[in-house]
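Here the structure comes first, spelled out in structure tokens, and everything after it is commentary.
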């Protein structure tokens, strides 16, 4: 299990390269990468605030729950904080399991929980000033399926 | 859109590295890698037979359907044929979309259709001889959700 | 003349990957009946059609599909890609 | 003495990221009432509690949670990770 909370960029390709490899019991690897998207065309930067200490604890707990529930062979979560620009990777998760259903479900579970239960807050900076990204009802609702 | 049917191994990390990058309208990238799994502990090799010509057509059609349905910014499918050993990558898909729900759904759709509608047949070689892998009812049933 | 292809265990049971067939069959089902009546190995391979899938000119279809004018017909078990 | 932390717009409205608070509050809800009664900026920040989440000693909880013996209480808006 590999969990990292960091300000530095990470290399998605390199993180995917060896994940879940070299085992005979892994049939499926799923990865997800979240990227800074610019819907308005006016986004200059995104800043992510976090709660040092609690962030690591919350992610470790979520990852362990996924690992137990889907009998994962491996899990990886990397989440950045600080400032980043459109097109930059914000975070990633990776899951390795025997079957594709488990790998997909576990990755979606991780994403749903990281979205609403890990202490990160996004702020967008644009031509027209800065504003905090509001949590969406649908993100909270997504948790009910698990 | 990048579709490849090949005997050669591919580098999953390198294929993930630049996928969906350098765009302002991509918020989510999902990748899936299928790996030769050895459930019995006695698998020495897996051989994948395919139908040259139809394979490429079938995958292109499935990928185009996913692209249209989820308004994907990009899609990649790589599927190997020939012989490979436990732990080796068989195939991968990657999807890039605005939101995570679309990226996940499209990747699962691609997998469900590649599993049962692309002309590949797996044969397992082990200590106790060789046998064709039987299609599972659950794989056929998985198509009904789309 | 139509090119007939076999894959996986159908190829193994019939003993060849492809052959050119002279036929007046109008549909896939008629072609199968014709092959089955020719030799025992075809009768065995096509004994349970629920385990056989078919593509006409590289498009998946069913046994009622017409084959008049088609270039190739392929028979194979349910696919196991991914 | 308890360490009280604020994040995102709660931090901005209250004007500081953390402070040490001397309190006899038994629960999060009592601590919030105490803070609101101290200064206008707290009253404004905590005016709509449906928009505020709380963690006690880095575990997400709710406003009825006890804080006796806790080291830190954190207030923040709904999280937007991922």
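Each chain carries a letter (A, B, C and D) given by its place in the written order, and its residues are counted from 1.
Here is the rule we use: contacts are C-beta pairs under 8 Å (C-beta built on N, C-alpha and C of every residue); 3 or more make two chains touch, one makes a residue touch a chain.
Not measured: the values here are computed from a predicted model.
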Touch graph components, with chain B removed from consideration: A, D | C
Centroid-based (C-alpha) most distant chain relative to chain B: D
Interchain centroid distance [CA atoms averaged], chain B/chain D, Å: 48
Separation of mean Cα positions, chain D and chain C [Å, integer]: 72
Mean-CA-position distance for chain C and chain B (Å): 26
Where chain B touches two or more other chains at once, by residue number: 34, 100, 111
Touching two or more other chains - residues of chain D: 82
Chain-chain contacts as defined at top: A-B, A-D, B-C
Chain B to chain A touching residues, read off their complex: 11-18, 20-39, 41, 43, 86-87, 98, 100, 103-104, 107-108, 111
Complex contact set, residues of chain C against chain B: 5, 7-9, 11, 55, 58-60, 74, 76-82
Chain D contact footprint on chain A (complex, rising order): 34, 49, 51, 53-54, 57-58, 79, 90-91, 111, 114-123, 132-135, 140
